[in-house]
Each structure stands twice: as structure tokens, then as C-alpha cells.
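Two complexes come next, and they have one chain in common, chain A, joined by chain B in the first and chain C in the second.
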Partner chain A sequence: MRNFVFLLVCVAVAIVVFFAARMLHNDYIFFAGYTVLQFIVLATAWNILGGYTGYVNFGSAAFFAMGAYATVFFHKLYPQPIPVLIVIGGIVSGIVGFGMGYLTLRLRGAFFAIATLALAVVLQTFVVNWDYVGGSRGAYIIRPNENALVGPYIQYLFVLMLALVVIALVCARVIERSQLGYGFATIRDDELAAEACGVPTLRLKLIATTLSGALMGMAGAPFPYYIGYLQPSSAFGLEYAVNSIAMPMIGGTTSWVGPLIGAILLGSLQQIATVTISSAVNLLIVGLLLIAFVIVAPNGIVGLVQDTLRPRAK
Partner chain B sequence: MALLEVTGLSKRFGGFVALDGIDLSVLEGERVGLIGPNGSGKSTLVNCICGTLANETGSVRFDGQPMDGLLTHERTRRGMARSFQLPRPFVTLTVADNLRVPLLYTVNARAGSSLKSADIHTRCAELLQLVGLAEKAAKLPRDLTQVEMRKLELARAMAAEPKLLIADESMAGLSQSEVDDIVALLIRLNERGITIVLIEHIMRAVMRFSQRLVVLVSGRKIADGLPDAVIRDAEVEKAYLGQ
Partner chain C sequence: MLRKASSLGSAWGECVGLSFDLLINALIAGILLGGFYTAVTIGVSISFGILDIVNIAHPAFIILGSYIAYIININFGVDPIVISIVMLPAFYLLGAGIYQIYYEAFERRGQESLRGLSFFFGLLFVTEVTLILVFGVDYRYVEASYIGPSWRIGVMDFPLRMLVPCVAALALFVALQLFLSRTFIGRAISAVAQDQLALRLMAASPTRIKRIAFGISIATTAVAGALLIIIQPVEPSVGREYIGRVFAICVFGGLGSLPGTVIGAMLIGIVESFTATFYGPSWAPAVAFGVLLLTLAFRPAGLLGR
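So, the complex of A and B:
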């Protein structure tokens, strides 16, 4: 029941955000906002695996790109409305996530991270050499000007991404408070002890990689319509991998709020920097903030707040 | 009837033979002490019985069923529980939530059992009461003392409602009265019908606890019998005291 209330609150906030953005009468808000929202989804998705179970995934860009390329593929094969493409992107990336999990989850720590990085490289090479989706030339997707329901197409994309944010946040919060969430936490804390307590660790890790991958793919599916021209180097861009790790780290990885705060903070900063300074400064900001947080608040903003609120032991 | 039946179990790490053809059977309701010098293979044996390590030869039967090839969590669900030599609490979960995990994943996973969240809450409270950690329920493991950590370790193993509890050096580093506390606790559990294998260095505790004593030395079982007889055994004396 509480989850239902949470869903309602999320939807209400999403509606307010949309109409507030609309009142500004400036389409650029939607362009910039879309990117921030997309990062909220990516960060939340990353956190389901990276934050809850403690397995660091460096291959977020690959899952994102799989979603985007699923869209390109279907755009050429048999055009579908974007909501359908989002579902397809989610399924494709979910399968990739499951496969990756199955192959790599016997690895721990740094080795798992390296394996995910390798997966990204393999998938990028695959896409570069796949002519049907444009190969290294990239693929054009002509965006319609208008959407019948919402109006300007960018606003339509913005609404879709808002919906994905709601889905991702509700997903993350439901998991956090459920039996699954306890299981994930035990995997993060001590896998050996988790097994001894009856937690089927491999199965839970597969659930986490699949879910996390699927959400990333869903975030990637509308991307070709947003960008208009998709090439492997932009879909598999470093900024997706780095941001989806940095945002939860900065916000805090133990709860759903962390990635949300991190993504809003970092995403907005990046958008502002892109306009006022230069787009190249993006990753510099991420790097500096990440270093600062690792030193000052290793548990992120959420951890910092919790530590301040919790009465000191003795 | 034997609850646990280990036959011909061997385990090697590279060229080092950690366990060499161990036979061990534990009867239902029994209290068995397992002793041996450091490095004699006690913890390795526990790990093989619980499925944390895979043994090369031999087999483990538990409750009449072969355990070979089963993962640790599957063995736990069939009624085997263990505590670790060095406490391994879930550090980001509160003390009460640490106990919640086996209740959710082991007890609830068994056929015919579905605990409501209120039941789980009561069980956690009961267990914490039993081991004397009731006041620490909302604390994180890092706020516990060493003794409390070991009690949490035992409580978590017991939360899985096991038929067999393997306590791996749950008293190392404790004071005499704390040792007595834990021995009394273990005997109480045994009276409730849980079979217990106790691995321990502290002889006072082992002698008070055990109905039967098994001695491992360099991966072989050299003695198995009544505690008083076993500690007078010449080979055991040699292993412990030298010639």
C-alpha cells in the first residue's frame, strides 16, 4: 500500500515538473531536462546492481546503447511507437544483462568490473560492424515535429522519460523495502554469510543484472529520436558509463534517493556548464566532484545526512 | 539414526592435503566436540560439510539425503546452519535485520511455512532475547562488542531453525564467564532438539559441552569417542603436547 502511495507521489511530482517546465515557454528546458531525466534513470538502474548488491558495472553505456540500437533496428525494420520501443529496448538490454550476469557473476570486485568494461567493448565492436544499423557511419532517425497528444515532439520525449523516471524510482524503492532488498544487501555485505543464511546469491545477482540492464535499455530506447543521428561512439560514450557510476556515488548508494539526488545535481551542473562554459568541461566536473566526495563523504550525500542525524554512539 | 554422515571426505589445496579420508557421523540430538591443533583442517571440514568448499572425494549425507553438489544455501534450507570462526555480520543491516535474513530466506523458503512480517518481528525479538541482545536490536553490528558479535553470529545461525548447528570457534577470545554463558546457551539449544557440532580450542568449554569428542590432526581423524577417554589417548596427547 505504501508503495502505491509512493507511486502516486512520484506521478504527481512528475506532472508538476512537466507543467512547470511548460510554463517557461522555452523548448531548450525540455532538451536539457531530458538529459537530466535520462541520467536519473541510468543512475537508478546502475544502483540496483552497483549500490544494492555492490557489483560495480562499468558497462552501463553498453546497456544504454543496446536500447538505442534496438530502436534504430526496429525503426528500419518496422517502425513502432516509442513506448513499444522502450519495452523492446528493455527486453533486449535485460537479456544482455542476464547473459552478462551469467557469464561474469562468479567474478568478484575488480574482476567483475573489468568484465563489464570488456562487454561494452565487445558490443561496441559488434555494432560498428553491423551495417544494417548504420555501422560506424551511424544512423539517422528523422524525428516527427509534433506529437498528437503533447504537442512539440521534444515535450513528448520529455514526458516519456519522466514516466521512465517514475518507473525506475518505484522499482528501486519497492526492491529496497522487500525481501529482495534484504537479499541484495547481504550480497553487498558478505556473500559467504549470505549463502550460509539461505540466500540464493547467484539467482539474486542475476535478477539484479537483468533488472538493471533492462532499465538502462529503456532509458536508451528513445535516445535516437532525441539525438536524431546515432553513431556508436555517442551511444557507447564514456560519459554514460562514468555518469551512471558517479551519480549514485555522489548521491549515496544505499537508497533510491541517492541516485536521484546525484543525477539531478550532477546532471544539472553539466547542463549549465555546457551552456555557460563548454561541453568539454562535463567530465571534468564529474571527476572533481567524485574525488571530493570520496574524500569528504564516501557514503554520498545521503550518507552524510544520515551520519549527521544519527545520534553518536556513546 | 545418524543425522550427518561424512564418509571418506578428502580436500586438497594444490599439493597440500587439508583433509584426508575423514569419516564422521553425528547422531540426532548429539553434542559433538571437534578439536585439533591450528591448521588441522577443522574449518575446512566445516566448509566442505556446508558446501562452501567442494570436496574432491567422499560424500556428505544429511538427514538421509546426499548433499553432494548442493550449494550452501540449499544445504541451509535443508536444516544445516553454521556460525563463522570470525563473525561475519551483515554490516549495513541492523542487528534485528541480520536475523531477519535467515527467517526470510531459509525458514520461509521451506515448504508449508510462510511467516507474516509480524511473526518475523516476534521471532527476531525472541532470538535476541535468548542470546541477550534485545537492547541492541536497532544497532548496527559495528556498535557491538566482540562477545555480542559472537552472540549475533550464533543467533543468526539459529534463526534458520536448523536441525544441525555447526559452531566454528564461537568462543575464541572470550573471558571465562562469557565462555560459560555461551556453553550454557548451546546446551539450552541442544535441549530444544538441535544437534550441535562444536569446534573449539578452549578445552574447559569442550569438555563441559561434548558428549563425544573427535580429534583432527593434519587432516586425519585420530580419535573419536567419549571425551574422557579421548583426551587420555596417547596419540592425542602427542599431537597437543609433543612427545
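So, the complex of A and C:
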């Protein structure tokens, strides 16, 4: 019941955000906002695996790009509406996440992290060599100008991303408060003890990997329509990997609020820095913030806020 | 011999002769490449294999080593390998410093898995972006007398550009192997992996030993970086290709075993070279990943693993 209320609140906030953005009569808001929303989905997805179970995924870019390339593939094969493509992208990335997890999660945690790093390189190699989806030259996706329901196409993409944000946040919160979430937390705290107590750790980890991968793929699926011209180096960009780690780490990894705060803060900061300084400098800022936060504030902004509130409550 | 056979006029003979040359040269290229991969991986064998520190920023330090070799080589004309040997103490100190931060912030608090990994990922990223900001994304290269010429023995081709790094890398391996097996500190480093308490009872501080070992691991990147820029022109994001490769070699060879690392590096070098020759160079990066997944699925201990 509380989850249902949470869903309603999320939908209401999303509707308010959309109409507020529309009031500004500026398409740039939608372009910039889309990127921020996309990072909210990625950060939340990353956190379901990284924050809840403690397994680090460095291959967010790979899962994201898989969603994007699934779109390119089906766009060429037989054009379909984007919501269908989002589902397909989610299924493809989810399956890859499951396969990767099955091969590496039975071993020590570090192997999974390394394998995800390598996965990005290998998938990029495949895409570069696959002419059907454009190879190293990249692929053009011509997007329509208008959508019958929403109006300008960028607003339509924005609405879709908002919907994905709602789905991701609801997923994260439902998991957090469920038996599944407690299972994840036991893995994070002490996997050996959890195993000894009869927690089916491998199955839980596979659920987390699949779900997290699927959400990342869903975030990537509308991307070709947003960017218009998809290149392997832009889809597999390291900034997706680093941002989807940095945002939850800076926001706080233990609850769904952390990635949301981190993504909104860092995402908007980067949009501003890209316009005012340069895109290389803003990536440097993200990297430095990530290092600073993991050393100084291990529980992120949420942790800092809790620490300042707690003494007052006593 | 095979060339003579083809003089009979058979196109098939010509074909075999050619592919025999191709085969033997692909094999040589693979072995030389594998030698170089030894230098790239040996530091990870120490940090990940022995100390259990997942330093995914290792390739970033290699690129840093490449750029230092590049700056000094272009300005003063010093040989890149000589530069790397001079730079060893500086890289050692860098490594020792990073370990100190890592220890204070993560290892002591027992948070190395999630936050420690993110820390190294951040280091990797910051190093790469800083190099891009300073040097741009142009490819840089060094000049040395052995870049260009090659020795020919029969149909076999030994480009010095590959042979010199291979020999230097094997020398590095021999030196490290002797250090680890013959000196007190070297043996203490091996002991850290097995039993830290016992080490403490022997009046050796595990933290100090690990700091030294991590310093050595980073010091090897100075050499690996110089060798890399001898072999190929370097730009800041080249390091990314090596992340999967070094860990694949390290796991494939067997964690913590330096001889295993050499064998693993050679085998992966050979397979990559054959892949590049017969399927095209753009497929080579996928080899290491395939090997990594197969190793993890079938023999997680690696070739010479404990």
C-alpha cells in the first residue's frame, strides 16, 4: 500500500516536472533535462546492484550501449514505437547481465568488477566490427519532428525518460523495503555469514545483476533517437561508467534517495559546466568529486545529512 | 624450401608457402607481444595477485609512464628505457603514497571492496582526463635507434621495436622473481598473501611490507609505459584497452604467480597475434575477454594458481 502511495507521488512529481519544463517555452530545457533524467535512471540502476549488494559494476556504459544498439538494430529491421524498443533494450541488457553474473558472481567480488570492465571493451569491439548497425562509422537515426500525443519529439523523449525514472525509483524503493532488499543487504554486509544462514546469495545476486542491467538497457534504448547519430565511442563513453558510479557514491548508496540526489546534483552541474567551461573539465570534476567523497564521506550526502541530524535528535 | 616447391607452378604451393611465412611470423609477433604484456601485467600480479588490491588504475599509471618517457625523450633525446629506469624511484614513491591513502581510507575500515574499487576507478579516470587536458588526444611517439629496423633470419622477421621491449620485460621479470624469492623483504611480500599474523610475529609490519610491494608494483609501470610507447604511439585513452587484458592475463596465469604471468602473457600474445593476422586487428581486443571468461568458468585458479 505504501509502495502504491510512493508510485502515485512519483507520478505526480513527474507530471509537475514536465509541465514546469513546458512553461519555460525553451527546448534546451528538455535537451538538458533528458540527460539528467537518463543519469537518474543509470545511477538508480547501478545502485540496485552496487549499493544494495556491494558488487561494483564498471560496465554501465556497455549495458547502456546495448540498449542503444538494440534500438538501432530494430530500427533498421522493422521500425517500432520507442516504448517497445525500451522493453527490447531492457530484455537484451538484462540477459547479458544475467550471463555475466552467472559466469563471474560465484567467485570473489573483484572478478565481477573486472569482467564488467572488460565487457565494455569487448562489446565495443563487436559493435565496431558489425556493419549492420553502422560499425565504426556510426548509424543515423532520423527522428520524426512531432509526436501525436505530446507535440515536439524531444518532449516526447523527455516524457518517456520521466516514465523510466518513475519505474526505476519505484523498483529501487520496493526492493529496499522487501525481503529481497534485506537479502541484498546481508550480501553487502557479510556474504559468507549470509550464505551460512541460508540466504540464497547467488540467486539474489543474479536477480540484482539482471534487474540493474535491464534498467540500464532501458535507459539506453531511446538514446539513438535523442542523439540522432550513434557512434560506438559515444555510446560506450567512459562518462556513463564513471557517472553511474560517482552519482550514487556522492549521493549515498544505501537508499533510493542517494542516487537521485547525486544524479540531479552532478547531472545539472555537468550540464552547466559543459556549457560554461568544457566537457573534459567537467569529467575531471566528476572524477575528483568521486575520489574525495569515497575517502572523506563514505556514505555520501545522505550520510552527511544523517550525521548532522542525529545529534540534534538526541 | 617451400618457396622452391611453389616453383613447380602450383598455385596451391604458393598458397601454403605464404601461409607458412605468415604463421611463423604471427607466432614470433605473438611471443614478442607476450613479452611486452609481461611487463604490463607483472605489476598487477603483485598488487592483485599477492596483495589482493584490485588496482584497476594500473593501466593509467602505464600511460603516465609513457608520457614521461615521451616528454624527456623529445626534449633531451634520452633513450626511453633509460628514462624509465631513472624514473623507478619516483614511481615507487607514488605507489607507496597511494597505498598509504588506500590503507588509511579503505583497508583499515574494511571497505576495500566497494569504495576502494571506486577510488581506483576515480584515479584511473582523473589521470586519463588530466592527460587529455594537458596533452590533447593526439598520438605521441618516441624516437630511438631501434625503432624501425628489424632482424631477418630466413623468413622470420624480428622487428627490434618489439624485440627490445620483450627482452627488457623478461629482464624485469627475472629481477622481480629473484627479488621475491631471494631477499627477506621479497619473501615477506609472499608471506603477506598467506598469513599476516605470522608475519607480525616475525616482527615485520604487514602494512609496511604491503606498502613496499605496492610501490614496486607501481614502479613497474614506469618500465611498462616506456615499452608501450616504443611499441606503439600513445594517446591518453589507450590504457583502457589494457585493463581487461592485464587482469585476464593475471587470472589466466594464476593469481600471485609471476612465472604463470609470463606464460599467460605469452599465450594471450600469441592468440591475439593469430586473431589479428587471420581475422583482422580490430578483433584482437576481444581475445583477452574470451580467455578471461573461459578461465573464470572452467579453471578460476588459472594455469599455475595455488
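The criterion applied here is as follows: the second predicted complex is superposed on the first by the 308 of 314 C-alpha atoms of A that agree within 3 Å, B and C clash if a C-alpha of one lies under 4 Å from a C-alpha of the other, contacts with A are read in each partner's own complex, and residues count from 1 in each chain.
Simple rule for what comes next: contacts are C-beta pairs under 8 Å (C-beta built on N, C-alpha and C of every residue); 3 or more make two chains touch, one makes a residue touch a chain.
Computed from a prediction, not measured in an experiment: that's the story for all the values here.
Look at A:T254: by the touch rule set out above, it reaches chain B but stays clear of chain C. When the shared chain is aligned, no partner comes close enough to touch A:I277: not chain B, not chain C. Contact comparison for chain A: of chain B and chain C, C touches the greater number of residues. Judged by the touch definition given at the top, the superposed model places A:A20 against neither chain B nor chain C. In the superposition on chain A, no contact is made by A:A12 with either chain B or chain C.
Once the two complexes are laid over each other on the shared chain, residue contacts for A:T186 go to chain B alone; chain C is not touched. Once the two complexes are overlaid on the shared chain, A:V122 sits against chain C while remaining clear of chain B.
Comparing the two interfaces of chain A, the one with chain B and the one with chain C have residues 188 in common. For chain C in complex with chain A, the residues that touch the partner chain are 48, 54, 56, 101, 105-106, 109, 111, 113-115, 117-119, 121-123, 125-126, 128-130, 132-133, 237, 240-241, 243-244, 247-248, 251, 280, 282-283, 285-286, 288-290, 292-293, 296-297, 300. Those residues of chain B that touch chain A in the complex are listed here as 50-52, 71-73, 76-77, 81-82, 84, 88-93, 97, 100-102, 104-106, 109, 139, 143, 156-157, 159-160.
Only residues 179, 182-183, 185-186, 188-190, 192-202, 254, 313 of chain A touch chain B when the two sit together in their complex.
For chain A in complex with chain C, the residues that touch the partner chain are 50, 54, 56, 58, 103-104, 107, 109-111, 113-115, 117-119, 121-122, 124-126, 128-129, 136, 188, 238, 242, 245-246, 249, 253, 280-281, 283-284, 286-288, 290-291, 294-295, 298.
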